[in-house]
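Below: one structure in structure tokens.
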Amino acid sequence: MSDTPLLDVRAISKRFGGITAIDDLSISLFKGDILGLVGPNGAGKTAFVNCVTGFYTLSGGAIHFDGRDISALPLHQRGRLGLARTFQNIRLFRRMTVAENVACALRDHADRPLRSLFRFGGDAGFVRAARDLLERVRLADKADQLAGSLPYGEARRLEIARALATRPKLLLLDEPTAGMNEEETQELLADLRRNADLIPSMIVIEHDIKFIRDVSTRVVAMDYGRKIAEGSAAEVFAHPQVVEAYLGAGDADV
Amino acid sequence: MFDRRQLLASTAALAVAGHAPLALAADKPPIKVGSILAMTGIGAVYGILYNAALKMAVDDVNAAGGVNGSKLELLQEDDQLQPSQSVLCFRKLAGMGAVVELGPLTGTSWETVAPIANAMKMPALCFTASKAGISAPPYALRIAPPDDTAIPEGVAEFMKLHPNVKKIAIAGDAQEASGAAGMELFAKMAKELGLEVVATASYQTRTSDFSPDAIKIRGANPDAIFISSLGPTSLPLVKELEVQGFDKPILLNSLVWAGAGFIHAVGTAGKNVYTIGFSTNDVDPANPKYNDYVKRFIERTKTTTNLPQPVNVCNTTLPYDTVFLVADIMRKAGIDGTTPADKARELIRAGLDGLKAYQGINKITLRDTGDGHIKCHLLKANAQTKQWEYALAPDQRIKTPAAFKARG
Amino acid sequence: MSQDLLFLTGVNILMAWSVYIILLSGSLSFANGGFMALGAYAAGVLTVKWGMNFYAALALAGIGTGLVGALLAYPALRTRGVYLILVTVGLSFIIQTLIQNTDYVGGVRGMTGMMGTTNWHVWGLIAIVGVGLFWLSRSHLQRQLDAVREDERVAASLGIDVVYLKVVCFAVGAGLAAIAGGLYSHYMVFINPDHFNIFVSIYVVLYVVLGGVNNFIGPVIGASVMTLLPELVRGLQSYRPLIFGVVIIVLLLVRPNGLLSFRLRTLGAHKEGGA
Amino acid sequence: MIAEQIVNGVVLGSMYALVALGFTLVFGVLDKLNFALSELFMLGGFVVIASVGLGAPLWLAGILVLVVCGLLGLVVEFVSFRKFTSADAQVTAALSSLAVGLIMIDLVQKTWGGEPVSVPVPIEWRRANVAFFGMQIQVMKIVILAVTLVLMGVLHWLISRTAMGRNIRAVAESPTFATLLGIDVKRVNQQTFFIASALAGAGGLMFSLRNGIASSDIGFTFGLKALAIMAIGGMGDLRGAVLGGILVGVIESLAIQFGFGKLGEIIVWALMILVLLARPGGLFGAAHTTEQRA
Amino acid sequence: MSEPQLVVTDLHVAYGPIKALRGVTLHANEGQTVAVLGANGSGKTTLLRAISNMLARSQGSVRINGADTAGVPAHRLVREGLLHVPEGRGTIGRLSVRENLRLAYDLRPTRQSFEAALELVFARFPRMSERLGQLAGSLSGGEQQMLTLARAIVNRPRLLLVDEPSLGLSPVMVDEAFAVLREFQTSGMTILIVEQNVRKTLSFAHEGYILRQGQIVASGSGAELLRDPAILSHYLGAS
């Protein structure tokens, strides 16, 4: 593990009008880390992902990635630097096919899109690369279907495959198992493990505590846009503030 | 009807192919004359008006036995006042075998069609547009007098009637070709006559509020205003000037005289309004042909059109004359319905080439620019009768035409 | 069909494609009538006043207007949706008014003297652009453009330079509209600013929407149908505008996604996708 | 002179504002452009002509304008907007309403011809002038301004004080939430279209009284200008539509006074583009950012 | 015994090809509080939206007070005594607090005046009286949640559908929200609640259903479910 973190989020904040979504939050992550991000709904987890990937502009603080200050970089440059994500409410290109969803994220000619017009060898390379990725997430047989027709679990896997097509250095998953049952969650976990070679580092937002325990090397808990606990999964989930924030102080004695 | 015409057409084809002419003279196929007018959209009021005149002329020619035994057949195309459509219509008419094209309405369309007429070697005769210098002989001639003679002639009579005018304002549609051209001519005239132009107001065809222009003009306190824009655009300005209490004479170029609408809609604002033209609905004791035309035309449009009555005869005599002019040429050249279109067109072109003047209802002199000349006069709006009338008594009118080069 | 109708249909197809190309990146342009005017005048000036070769003039007009389009696109594309529509409508008006006030090209009086286009030029160009669009439709670039159109922000997060693609599309669309304009002016011989009023821009968008925005054939169908329709009902004379309006409304109601609504796939089976 | 131009600009602007208010109401509620409003503005004058022609007194004709244009607005809603509800149907609905407008123009031209038609207002009414601080101002202008202000006041009252207005504002913000509060969104849409169309008709009424004519081709450019004004003021913002209209009216009047009349359309469109570049949400609208959607 | 107030039978809802609800059957007796628990994406919100007719069902039936609601416009259901408080609160931000309450009052004006209804709200939420003229959008998240519940006080629905009332609230506010719901409960209102806060919800619900992938996988009384560690771990992963 090197000394400089891969992702270094320094005291960022994000406000919308009067509402503070993220408040003086610092998180760092090293290459190889898999960071679990937990917290109740509205804690600012998704806002954090949006800030890192460039969907939100920061209200304060700075974000460094791979040794570079990316705070002011536009979305696509962050994507090219190696940040990829999935969305809480899956955002696929619904009217494109499954294979196209993956293929459009593949890199071509060092990101000069017009150059691809002058490639006369056909799409064989893309077809192969896309198929390979789809096989990795068990979707190869659905390659020619419209992405919009996939059921929830498969759509989720396609979104992950699409993110992986960009060859990310850091993958951010926003509630990947939301809406999945036990088996599907386990399968997704297996998918992620199987493709570990393509996922050098990862941040996972999750409600499923078991999943977080299984997957993460480190856990950060958030509430009200702030970090309330950090450490191993066991440490964080034992933290009284986390228990309180997560389960609520029950009226009944349990 | 359709079948009969087809039969006639095939007969003609046989004749051309060298077989013995089978058809009797009375059964000769018709001569096709094309016309391009706006029959739908904003220009329809003009199109309907001129179309009525064209039809009346064709009916009259046919009633008198047609041309060399053939009747005239009017092929009517609608260009909706769009120049690109005019071109389409023009070529379409050529394809349909028209030997000559009459129209279109506006300078913009005429300017578009004229070069094409030459390129396609198809004679075209325009009888309305007022913008000078856009005809293109030998194939594209304009019978109507353009502004470069009409405006000097009108202004001269205007100055005779209002000798005390020293300061004028010029207003006009800067967005429309004939409007802008008229403004330039007005400015040129002012310079020649030593009039001071105290204000110039340029507006657009679809200007919605003429108040600022009227305020500006009123504020400059001119003795008279010269306005150059189409009827629908001039009208609100004239009305606005009235509303603002501006009580000085207003001279509009011939754009408002042509057409059916302005004189009917101007109302009391017409009190000070003048325009330039060469005919009114009034009888002309010197010209019985004209009187007959006016009576018949008004009668005819009452039943066949929904134009505001009594219809403004204005320059509808020109399309009428144009048909007769063409019929004359064809008659002399021996054209009938069996003459191949190409040949007929060349013959008509030759006839037009030799044409120096034509005496129909109007006395038309051809100019070397390919435009016509008819002596124009100052006309005054009569708000009560909703008709134009001559501003000066017959003996007061200026007889000498503005300077122009006649065909030599 | 007459020569002219064939020609105008061809020009309208090129114009529809010029809108389609801009639409590829998800922006709708009501400025293409303006770009057409720029091209028509630029090509006219080059051939008539500067004596340039027709093809060179056409190319130069296209490239020049494309550059103007790119320059305008940067600020214009900061706005979106209805705002972008209004900005491009504004551009159309501004271009028209500027030409009206430019005496060098005759102002409102118009310009004349352009000659020498034939249907071969137009339909040849349609063939070339059509092949290009077909080629594009199977390319990686098309895939990325589709992604941009589906979800701009997600596409950007995948590393696709959305702004660049949008500007390029805008420039290419403007350039194609200019070339169509150049062809038009050299066919009509005479042009004036009124030939390129806002209705041109609106109708061209209408062609694309009626034909279908998801594939490059839709605009061809839309432009052809809407150019030929008024001719087909010419016999009905004064009811043409009414019929035209009713047909638009009915088509939009019956086929809101256009006459041809399928999308061509860039990968795998090239068959019809969902509407 | 300049003061007079400014006063005139305010009057002109108030007519722009009436149409812009119609646009902004519809846009606020449906997020769509209703191009047919331009032609309902145009129709305003013709409704006066028709109803006076049928023997109605002028005051009744004025009320008829509001009713007829409002009812036609319901037709437009049914034909061009009812079916196109999704967000990406924006262009479809706009083009459809444009086609409805084309049909309206054609029907007017079939009935009254393409040239302007006189509106039967006693000329004395139109010609009455008052001197005011050295300015000459037509009484009609004052009347128009007064009527416009009253209409705007009524609109303001309707929108901000009545149950209907509350419903309209609720639907404008979120049709879903509004439905959950028991609001009949379809009915609110109809109410909005009725009001917007009546306002556009009222604008046309004022316009025809002011100019003494009604013209079939006046609507489109006037309407487009009103659209630009809506964008200048901020889409969906009533205050923006009024102030934007007056701003543009005054600027146009002054531009003509100072000899920039040739620029015509450029003025309003260039102003709109500049405003949108500086403030993408318009002068009074909230800045629309893409962030909220992410 | 008459039919329960709300009867959902074999309800199916699909978004295009995606089946969000696959045969949900549940019922709520008058005056009962029924909780629907489930992970994100399990179909809870869809269920509420289908019951209030915001979404078209592809199969199955929903009966309220014995009448099938098929084809009844959503706004009319609301007028007939159903109030659906959506996730994210559903206040109209550009309306003032007073107007938001007025909307609710206009739905079902009671004998008492609007002012009297407001008094009831103030009695529960004294802060609301200070905020009355403010735009709802300018309220803090907690205050907006208060406003949502205040609307139910004014509106007095017979059937209340609540989607995640504790979402984004501080623990104090969550307590407050549940206290209000408990009041509704005692006043005899039928409540269908969707929540993440399992313990709190189950401790006050009469009945609970666990939803997973659009299907009911378990049900029982609130207390039963709460006592069943298997359910809790199943739901929360591990705890």
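Side notes on the structure shown:
As written, the chains take the letters A, B, C, D and E, and residue 1 is the first residue of each chain.
The criterion applied here is as follows: a residue touches a chain if its C-beta (ideal position, glycine included) is under 8 Å from a C-beta of that chain, and two chains touch if they have at least 3 such contacts.
Just so it is clear, the structure is predicted and the values come from calculations on it, not from any experiment.
Distances between chain centres, each the mean of the C-alpha atoms, put A farthest from chain D.
Using CA-based centroids throughout, the chain positioned farthest away from chain E is B. Of the two interfaces, B-D and D-E, the higher number of touching C-beta pairs belongs to B-D. Centre-to-centre separation of chain A and chain C, using mean CA positions: 40 Å. The distance from the centre of chain A to the centre of chain E, each centre being the mean of the chain's C-alpha atoms, comes to 31 Å.
Chain centres here are Cα averages; for chain B and chain C they lie 36 Å apart. Residue positions 100, 153, 238, 241 of chain C are each in touch with at least two other chains. Residue positions 106, 262, 264-265, 294 of chain D each touch two or more of the other chains. Multi-chain contact residues of chain A, defined as those touching 2 or more other chains: 55, 148-149. Chain A makes touch with chain C in their complex at residues 53-55, 74-76, 78-80, 83-85, 87, 91, 93-97, 99-101, 103-108, 111, 113-114, 116-117, 119, 123, 126-127, 130, 143-144, 146, 148-149, 162-163, 165-166. Interface of chain E with chain A (complex): residues 16-19, 39-42, 138, 140-141, 164, 166-171, 174-175, 178, 196-200, 202-204, 212-213, 226, 234, 236-239.
By the touch rule above, chain D contacts chain C in their complex via residues 27, 31-33, 79-80, 83-84, 89-92, 94-96, 98-100, 102-103, 105-107, 110, 224, 227-228, 231, 235, 262-266, 269-270, 272-273, 276-277, 280, 288, 290, 293-294. Taken together, the chain C residues at the contact with chain A in this complex read 135-136, 138-141, 143-144, 146-147, 150-151, 153-165, 168, 263, 265-269, 273-274. The touching residues of chain E, counted against chain D in their complex, run 52, 54, 73-76, 78-79, 83-86, 90-95, 99, 102-104, 106-107, 151.
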